[in-house]
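The structure under discussion appears below in the form of structure tokens.
Read from first to last, the chains carry the letters A, B, C and D; within each, the first residue is number 1.
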Amino acid sequence: MTNTQVTLVQIDNYGPWTVTPEPRREADLQTMQSRLYADISQFVGNRGGYTFFTRFDNMIAVTNGLDREDHALLQESVGNRYPVTLSLGIATGTNPVQALADATARLQEAGSAQDKHRRECLEGRVIDEPYRADDDIQIAHFDVINATGNYTDELNAFDTFIEIEQGYAELMRHMRYAHDSLSFFVGGDNVIVVCPDLEAADYEEALAHVEEAVDVEMQVGVGRGKSAHEAGFAAKHALETCRADGTRVELEWKTA
Amino acid sequence: MTNTQVTLVQIDNYGPWTVTPEPRREADLQTMQSRLYADISQFVGNRGGYTFFTRFDNMIAVTNGLDREDHALLQESVGNRYPVTLSLGIATGTNPVQALADATARLQEAGSAQDKHRRECLEGRVIDEPYRADDDIQIAHFDVINATGNYTDELNAFDTFIEIEQGYAELMRHMRYAHDSLSFFVGGDNVIVVCPDLEAADYEEALAHVEEAVDVEMQVGVGRGKSAHEAGFAAKHALETCRADGTRVELEWKTA
Amino acid sequence: MTNTQVTLVQIDNYGPWTVTPEPRREADLQTMQSRLYADISQFVGNRGGYTFFTRFDNMIAVTNGLDREDHALLQESVGNRYPVTLSLGIATGTNPVQALADATARLQEAGSAQDKHRRECLEGRVIDEPYRADDDIQIAHFDVINATGNYTDELNAFDTFIEIEQGYAELMRHMRYAHDSLSFFVGGDNVIVVCPDLEAADYEEALAHVEEAVDVEMQVGVGRGKSAHEAGFAAKHALETCRADGTRVELEWKTA
Amino acid sequence: MTNTQVTLVQIDNYGPWTVTPEPRREADLQTMQSRLYADISQFVGNRGGYTFFTRFDNMIAVTNGLDREDHALLQESVGNRYPVTLSLGIATGTNPVQALADATARLQEAGSAQDKHRRECLEGRVIDEPYRADDDIQIAHFDVINATGNYTDELNAFDTFIEIEQGYAELMRHMRYAHDSLSFFVGGDNVIVVCPDLEAADYEEALAHVEEAVDVEMQVGVGRGKSAHEAGFAAKHALETCRADGTRVELEWKTA
């Protein structure tokens, strides 16, 4: 059984800020957002977690291994260095989608994302250290088969992007509604998926679905671990096996 | 008539680098990619251009106002500060998709994105200063109507993301194939579109198409200018008018 | 008794890299150095430590609370994101100067700072968690009395800088040779000093010495703690007391 | 004749901000300051200028080639991305110390560095493009002879730092009072000096003075150019000649 700790990271009242007193330069907003994301990714990542940029104003992180003090420190540190502040909602569970729904609900109860009086909320609970297990997290790392040869070196850069984006859009919906999983595009032709307790057959089904729906061929490595990094690292190694052996689904964990 | 200068920014041999000698920590890759993007956005942006993160290993920029020396300086500066290098393809034209296709072709002719001997290529031509015009660029800035009230404060964060992502995926395909435009998600519920010479009716058609196809209601502000910043800034102001007046399409430029 | 854990952070073979194959743009070197420092400051700082930029190619950190795995992770993360790599020497002791000397010796034994075969060394030992104590670190935070009124708003910016620099140079030498302490300029008119077990009289002596030698009047807040952050935070509060009450030396810790 | 354009960059009301409502974490301040410096260095640097971190809350830049719009854009961009704002004073002249004094005076007249109502001032004038000349800037790049062999690989890291710091402190004072020059430590064992129209004999005198006063042996490469980058790049090449040939002073410019 997985036990995923999910943190919703929301920039407080961000939309209004971007146009107050008048619209801010887009390049500055892009720079600020992506550096803020990079900092959070680094903070969470060097404690074993993963952060996904998602919509940038709402980021989603897998934070097993981070306690409430860590979350509070992240808020404080961002508040000291950026012109915006963060609210954080945390929840845990065997089903990542449900955990995220709970984390979201906690922030929604605290106030609207555009409520200017809701600032630096920290809501929810973490998995206490004694309750953490070696297989709390399951991560699947998908990529597009021979994306460089089939797309990047052949199509124009936008059409390649459309192909990959289409594969991602289909995969994200399917994994969410059929498999209670959270899928995130992470650059290139890579999608990282935070999963509950899925099996090889589930991934085979998902690959077949995407191929049929949008004609994009993908492969996937899957890993388990105590943290997102551990699970994700095993998934990367499994994906290397796909690439080397031409297989479509590889799972890398000690069998139960 | 628009005359868009497009630059394709490609990290050299990036895929192989991310797994050599073995897979690198995902959080570090995410941090490095997004900071690299932020730096390019800043460099291009403070010369009046726009950069879109796209796939991160392939970024697309609108670079009217930057000459070849500027591009070369960007390459040199990134090469001095990052563990990776950039190749750049530049092209111009009335049709942004065609311009990007040309820019892509120039890099593809120079070598594969995963050719380790293709490093720091700089290919293509810019619009010389005397040939630049005040209406070279047309930018449309879309957002989702009442995204915070309808989605962010109501659905869980991932389902909100799916809705926005779906609207984006449909819009990007439609604008590319029906209107020769390049659409980029820029965070929150915002999509920036680099367009040829489109009219209000074209945007109305696109909004109707997206609403019918995926049931996402959007609005759009459109601007023209000599640079991406000028056009995009006018588009932002036009979008503020939509928000204030409840209109769906606003164009902000002096009519010809 | 203090027990300071000191880490010497050395960029591997940096001097030669800056001029290979020919001198690199100074602005890029400055950007890269200061961002690398910022990242290390953030990594160490959000684990309770302090990092000082010192010479940039050689940085000095107080790392109580960071174990060898943390140090290794810092090396790995920097190696994944920068064009340069780090070697780290760690040592501990009641005398910060001696600890730094030991940390330095470990790196020197591993090879020259300009030996291109010495890369990513990690040498030395940390204080194991059970041996850490609440008063392991003593930090003194000095500033110049009314620097803004006496200097910044009166002299030209360089002459102000000379005054502050002179105060710092005298303080750093005196604290090192008379009090076995490591002093670091941290911006503005602030100097942070990592001390052994000093008393109020020692600080009074130091202030008097600096005033006599170079005619710069300073004040100092001193704190103790389990980590650099705890001690430094107490020192900052003590310095606020100096500012409020017009005193010259304030110590903030529970007396033994 | 040189004609140096100097910009004083001052963070508005920074001291009070760092302790409001209570002292902020030192590691965050260090991170924020050094990244802000890095961004300014990059902005100014990719327009041919040099920025020196100096005291971090007051930075000094050589900005030949940047006009008032560039300065205003820097202010706007920083204001959009940081929790602090910048005021800028600009002045020009044949004597860099006098230019800096004028730039400082303009900001001082606008208000105190700790006046909370003085925000984002932009004062002073630049050299208009037609008046710029190929030899407007003279830069000298000093380093310590065999610093790695004599110090870094021999002494502990702090004693090495004291030696280099002492050399710098002596050089900065001497160059300022004897030669109207602004000297900045830029990391490692390097000092960059912004000079008026000095000759080889002046540098020989300065080297002799430093050696006699504090027993630190330095060498220096000197360059001229239209911008800080051009002059500094020539200086770096000249310094490479010193290193290769064992000479102490090298000037690299086309003789008048």
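Quick notes on this one:
Quick note on the criterion: contacts are C-beta pairs under 8 Å (C-beta built on N, C-alpha and C of every residue); 3 or more make two chains touch, one makes a residue touch a chain.
Labels paired with UniProt names: A, B, C, D = GTP cyclohydrolase III.
Predicted, not measured: the structure shown is a model, and the values here were computed from it.
Of the two chain pairs shown, B-D and A-D, the one joined by more C-beta contacts is A-D. The chain with its Cα centre farthest from the Cα centre of subunit B is C. Where subunit B touches subunit C, over half of the residue numbers in use are shared by the two copies, so each contributes mostly the same positions.
Subunit A and subunit B have Cα centroids lying 22 Å from one another. The distance from the centre of subunit A to the centre of subunit D, with each centre set as the mean of the Cα atoms, comes to 43 Å. Between the Cα centres of subunit B and subunit D there is a gap of 37 Å. Touching of two or more other chains is recorded for residues 25, 27-29, 31, 35, 39, 42, 46, 77 of subunit A. The part of subunit B that touches subunit C in the complex is made up of residues 24-25, 27-29, 31-32, 35, 76-77, 80-83.
Residues of subunit C that touch subunit D in their complex: 8, 10, 14-15, 18-19, 22-23, 25-31, 33-35, 37-39, 41-42, 44-46, 49-51, 53-58, 60, 97, 100-101, 103-105, 108, 112-114, 148, 152-162, 164-166, 169, 172-173, 176, 182, 186-189, 192, 229, 232-233, 236-237, 240. Within the complex, the subunit B residues that touch subunit D are 39, 42-43, 45-46, 73-74, 77.
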